[in-house]
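Across the two complexes that follow, chain A remains constant while its partner is chain B and subsequently chain C.
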Partner chain A sequence: ALVLMFPPLPRFRCLLQRCWQRLEGGLLPGFSGGQSLPWGPALGVQASAFLPQPVHDTNESNEAPSLLDSILWMAAPKKRRTIEVNRCRRRNPNKLIKVKTNIDVCPECGNLKQKHVLCGYCYAKVKAETRLIREEIHKQEGGPFNAPTVETVVLYDGEKPTEKDAGKRIIERARKRPSWFAQS
Partner chain B sequence: LCCFLIGNACVRGLLGWTRPERWLAASSFFPLSCIHTSCTALQRIGNWEKKNRIVYPPQLPGEPRRPAEIYHCRREIKYSKDKMWYLAKLIKGMSIDQALAQLEFSDKKGAKVIKEVLLEAQELAVKKHNVEFKSNLHIAESTTGRGRYMKRIRYHGKGMFGIMKIVRCHYFVKLVEGPPPPPEPPKTGFDQAKEYVQQLRSRTLVNTL
Partner chain C sequence: MRLSVPVAISHGRVYRRLGLGPRSRIDLLRNLVTALVRHERIEAPWARADEMRGYAEKLIEYAKLGDTNERAMRMADFWLTEKDLIHKLFKVLAPRFQPHPGSYTRLLQIPNRDGLDRAKMAVIELKGNPFPPLIRQRRDSEKTLLNQLLKGYREDLKQAAAP
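Showing the complex of A and B:
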């Protein structure tokens, strides 16, 4: 007998009713539109006189035979996977984390970095200084859409604009020039 | 008789559990002033933490130096023990610097936690356990354990529900002073065959002359 564990919903209730009707009528669930029984009585009596029900069912069930087939024959695990089998799968070398060989030491700050990636510490340093420069720029501009059409030069403590920086916008920062920010 | 046996064992350096200093290390002698034996559910001291309390007797002049062992753990980390196990397996047997490098560039959530635990353990080693060089440590053991799970309802569609587990884990690490041991060479078929032949040869006949 088919036992469905979850509470039957309207669709499945119709399905169960149809299944039971067919079983009572003597047909296999997968046997669609049959007139004679494979295990009929030995008496040579016409089956159609005894079974008025299948006549209704064949008309109804022809609507969705594939739905019934797919629901009743779904793939399901046959046995519980033992912990030994589970461990073999989970601890297989292709599932273990691989050791990375692309880690180096940053020559500037001495922190670790990946070979193809910028050093995180140096990048954070540059990011912080850039943020402060941008704040200065915002203070100078005073509002949106006020960016001048000339280049910008950042000058630190004790630096004077050279003749190359003639027409450029000058941003002053009140600190010593950082070693990584070379003066052009 | 038992005192004689214990004395003998102490002299020979065996039977670590019989040494009387070790018994008094954890709990105080007088039952009225037992501050250390607290049995509250919130602050139960686990077995791993107690392993740091063992005190060995002073070594004899001829003995090789016993390497320092540091046990450290973190409890109730909000991560799965199975997922944490992969990281623990990664750093087993590595030197502490290599382990920290691998964990820094790992994308997993547990990598950050394990890195903090290793740094804490390194600090403990240098400050409390008389370790001279903080890089001269390697990871002897690293394991995960199951923490306290909580069950909650997860709502599905059509009025269905499932019961989900909020999963937590513990992480245990043992650092030992010294360079990491060389990795074992993998067992070849020839070695296995030799062992098999040795087993066959060492069989004896039972219940015969």
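Showing the complex of A and C:
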């Protein structure tokens, strides 16, 4: 808080009171430092200024504060934005949500998918089956850090290892082979 | 050369900044590489999977040099934190990818993660893994005109070669 050393003249006292109220209300944020009185008007004080207090106060409160408070401008809109201007701003193409043209139908399941992304349904299907295969692998391996040094092949119900699966580790899955997982 | 805007702004920098710093980034990617070699198909945020892909392919190229090679063994020892995977790398993955000249991994984008962050996720897998395929190749049916003509041509060649 600023402490001014001047004996406050009547005109300055009202100004001081008002500025202090605004400071407390946080309306004069730009003012910091400056011990001297920068708000002293450049005009000379006339004799008529030294009227008794109450009349002076009413005069002060009646006149527009523009001269004294013009030190600090705050930006404020000058006119109301018309609905036409508002519509132009709100409906500008950069504010509208863009339409995606990269959505397609998955040929396998018929769900929608983005062109450069895998189909969610098909991927969930494959993920579930992979999880079950991995559980079988864990059961066969027993513990952690037992990665085998041979390839792995997955066989379903009623399938026999071919000559290609000669030296590989066999993982049995107790179900029919799904149509989307062809035997290599 | 005409470059796209982010490529031009980066001024030739190709490595992403992940994790808490350079050491943390390498540790993150090392964990992902170990997981990929162990499970052969993993889901991860797309940026991390993309960064990791280069390191994984370089590791497989080193493994192709054979496990007697000192540099290859040191690389495998650094990059694979679980030491039983070093055996898997040299005995399973190196022979599997011996005929391939490059590109041993496949990176595909999946729908965004279900949690709060909706992160861009990808699945990265080693080719030739035993799991069901992620994309099914759609081959044209036998009955299309082009395929019938090609079939006829093949049979003509066989008949010309046979007698």
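We take it that the second predicted complex is superposed on the first by the 93 of 184 C-alpha atoms of A that agree within 3 Å, B and C clash if a C-alpha of one lies under 4 Å from a C-alpha of the other, contacts with A are read in each partner's own complex, and residues count from 1 in each chain.
FYI, a residue touches a chain if its C-beta (ideal position, glycine included) is under 8 Å from a C-beta of that chain, and two chains touch if they have at least 3 such contacts.
Bear in mind the structure is a predicted one, so any value in this text is a computation, not a measurement.
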- Is it chain B or chain C that touches the larger share of residues in chain A? C
- Message: Going by the contact rule set out at the top, does A:Leu112 touch chain B (first), chain C (second), both, or neither?
- Response: first
- Touched partner set for A:Asn94, first chain B, second chain C, both or neither: neither
- Message: Going by the contact rule set out at the top, does A:Ile103 touch chain B (first), chain C (second), both, or neither?
- Response: first
- Task: Tell me which partner A:Thr82 touches in the superposition: chain B (first), chain C (second), both or neither.
- Result: neither
- State whether A:Ala147 touches chain B only (first), chain C only (second), both chains, or neither. second
- Message: Which stretch or stretches of chain C touch chain A in the complex?
- Response: 38-39, 41, 82-85, 87-88, 91-92, 96, 108-111, 123, 130-136, 138
- Message: If we count contacts the way the header does, which residues on chain B are in touch with chain A in the complex?
- Response: 82, 86-87, 89-90, 101-102, 104-106, 108, 158, 160
- Message: Per the contact definition, I'd like the list of chain A residues that touch chain C in the complex.
- Response: 107-108, 116-118, 120, 123, 126, 129-130, 133-134, 145-154, 171, 178, 180-181
- Item | Contact footprint of chain B on chain A as seen in their complex | 6, 9, 90, 95-97, 99-100, 103, 112, 114
